[in-house]
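The following blocks contain the structures, represented as structure tokens.
Shared chain: chain A. Partners: chain B in the first complex, chain C in the second.
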Partner chain A sequence: MKTVLEVQNVHKWFGTRRILNGINLQVREGETLVIMGGSGGGKSTLLRILIGLLRPDQGQVFILGKDIAQARDEEKDEVRKKFGMLFQGSALFNSLSVGENVALPLREHTNLDYEIIRIIVKVKLELVGLTGFENHRPYEISGGMKKRVALARAIALDPTLVFYDEPGAGLDPITASVIDQLILDLTRKLKMTSVVVTHEMTSAFRIADRMIVLHKGEIVASGPPDEIKHSKHPYVQQFIHGEIDDNVLSQESRSKYLQSIFGTEDYD
Partner chain B sequence: MILKPQSFEPLGKKVILAFEELGRMSLLAQDFFYWIGIAPLQGKRALRRSSFADQLLFMGNESLTIVFLVTVSVGAVLALQAAYQLNQFGAAMYTGALVSVSMARELGPLVTAIIIAGRVGASITAELGTMKVSEEVDALITMGIPPIPFLVVPRMLAMLVMLPVLTVLSFALGIFGGYLIGVFALGLDGISYLKESFDALVTKDILTGTAKSFIFALLVGLIATYKGLHVKGGAEGVGRSTTESVVYSIIAIIISDAILTAVFFYAFP
Partner chain C sequence: MKIKIESPEQGIEKVYLEGELDFQNSQQIRLEFTRLIDKKPIRVLVNLEHVSYIDSSGLAVFIELFQKMKRLGGRLAFFNLQERVRNVFEIAKLESIFHLAGSEQEALTLLTQ
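Moving on to the complex of A and B:
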């Protein structure tokens, strides 16, 4: 099968802090890859690099054969037309109606007739179960509905690849599972490839074909959900079961505490 | 107290930051001019007409009442203060001339620009800042839509049209405010007051006043959009940036006014 997304040896530093340390991964056509990891593990940074919002300090990111990490702005824009992105907070434009939000990529990137765009918008909204909501404003609908509108907008141009940033964040468990189901359905119906960043276990195991677990900027485990579930890696087990790491608090506390009040670690 | 070299560190950092900010702002200006000047020639879509129209309507609508109230009052105050001095020389009849010339050359552009910075500039920064922190700007970029022509160009162009329009209006409103005082409080003859007002005005006064308003529009627009697109730190950051946008705009307006007045004074004596 074709490789849709390929990440080669990506490194990223913020100042002196290393966020990503040699990430390598491949996503094949039609696959759903879930990127898991705790807060500060580097998964948001990785996602921002994948969609070209951040440049890696080292390494390459090929999306549909094009290296987005080194591309010029105009080349990036061309690649971006081929993938969709669902943001954590939906990121709908409040000044536009629901219909106009979904229509925006079509208006900007195609020469389609107004009437045709209207029909496509209707179809996309139907796919996410929001028939007839075109004229509502984003602030008039619930969080779950917003996510669905954002999803409809992400798939407006029929992308081959869709990125999801914490699709269940801020939603109740039932609505979150509705979104998960939608991701599954759309991936199958529209033969899309999906890359989902999440830290929610239930959701991750429900939708993933393959998973990777990020910890301190490195991939510590990768494989199908079953394999991850039975992984021997202590961090993975701890992450899946939500246990507190005894070391986490004691490791950091004394030096951090001293640093915070005296500005130095070796006070005594 | 002994000043150690380190004592100057925070000051130096602030100066460096200020220059960095100026540099980034001029990059935004460069982008804006690229998009209105060069991009259309390369066949890129630089102007979203409906968005431009929305912004024009918004700016005019939001500020017309305030511009009316403030500039009529400024004209009236100017007439009163002028008459107080001119009376000592028995020259109260020249009140109209003084009001119209000062409104056109100085107070009309200045006061209108300050009102727009507070009313429209602040709302541009708040709007773009909110879009920035709620990832809407990121969403635009990932959709392959460049944010400069989509967000900055319509607002800047609307500012460049609307501020001069309101400024020209402010000349008339200031003269009207002066007229009210001249006729109803100072007992001057209405016809000769107006005649005096317009006789004293020359084309140069109107032109330099309007030219100033273009520069002010550019400054306010740039500062407002820059501050909006560079918000950091969530909702709190939006508030901070909005305040900074207004403060910096007003400082920029007054300093550039001083420079422009001097330039016009020596260039077109």
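Moving on to the complex of A and C:
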């Protein structure tokens, strides 16, 4: 099976803070990779690098064979047509109707006739369970519906690869499972490749073929869901079971806190 | 994408498609279908044996053909679909609306029922 996405030795710093430290991964056609990790672990930065919104300080990101990390803006635009992106905040245009939002990539990137676009929009909205909502404005529908509209837009051009940023965030469990099922159907039936950033455990284990866990900018575990579930890595177990990390939350931050107040490490 | 249309008898049109039906060529196939509809056929049979992929625009072109045939009072069937193509109909929840047959004979039977 061909490789759709390949990340080679990606490093990223923000000032003196190291965000990503030597990330390597591969995603094959038709595979669903779930990227997990706590806040500040580097997953959002990695996602921004994957879709070409941020340049890594070092390393390469190949999408369908093209290095998006080093590509010029016009080359990036060409690569971007081949993948869809579901943003966490949906990013719909309030000035456009639901139908027009879904139609937007079709109008911008194809020469399809109005009637054909109208049919495609209806099919995509049915896929996300929103038949009949074409003429509503985004501010007239719920957050969960907005997310589904955004997903319909992300897959409007039938991309071979779709990135999802927290697809289930802010959704009730039933709507979240509808989105999960759709990701599974697109992957299994249309061989679409999915890269999902999430910290929703139920969803992650439901949809993943393979998972990686990011911690402090590094991949600390990688493998199929069963392997991750039984990983011996303390952070992975802590993350999966939602346990408090005394080391991280107490000692390290306490030391910084006291230093910031007393201006010295010697406060005893 | 290649297209060949035959009229073996009055009112029946057989369409042979070959290749991938996608955003790049669906408009051309749509034009061919418009010409076909102008002949006001009673039955249209589309052989998809050599179609390895259709995208949403391809599906939309088929949906439009279906709508036009219905308006004419005619009937439409597809046959010999590859699994990946059938999946596109299934994921759009349209496999029970369209006549999707395993063979040309089965397609003909479906249209004469």
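The criterion applied here is as follows: the second predicted complex is superposed on the first by the 257 of 268 C-alpha atoms of A that agree within 3 Å, B and C clash if a C-alpha of one lies under 4 Å from a C-alpha of the other, contacts with A are read in each partner's own complex, and residues count from 1 in each chain.
Basically, contacts are C-beta pairs under 8 Å (C-beta built on N, C-alpha and C of every residue); 3 or more make two chains touch, one makes a residue touch a chain.
Small disclaimer: the values here were computed from a predicted structure and weren't measured.
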Which partner does A:Gly89 contact after superposing on A: first (chain B), second (chain C), both, neither?
first
Per the contact definition in the header, classify A:Ile141: touching chain B only (first), chain C only (second), both, or neither.
neither
With the two complexes superposed on chain A, say which partner A:Met201 touches: chain B (first), chain C (second), both, or neither.
neither
First (chain B), second (chain C), both or neither: which does A:Lys191 touch?
second
Could you please specify the touching residues of chain A with respect to chain B in the complex?
51-53, 73, 76-81, 83, 85, 87-89, 91-93, 104-105, 108-109, 153
What does chain C use to touch chain A in their complex?
22-23, 26-27, 30, 55-57, 59-61, 63-64, 84, 87-88, 90-94
Along chain B, where are the residues that touch chain A in the complex?
45, 131, 134-136, 138-139, 141-146
Okay, in this complex, where on chain A does chain C touch?
110-113, 115-117, 119-120, 123-124, 126-127, 156-158, 185-186, 189-191
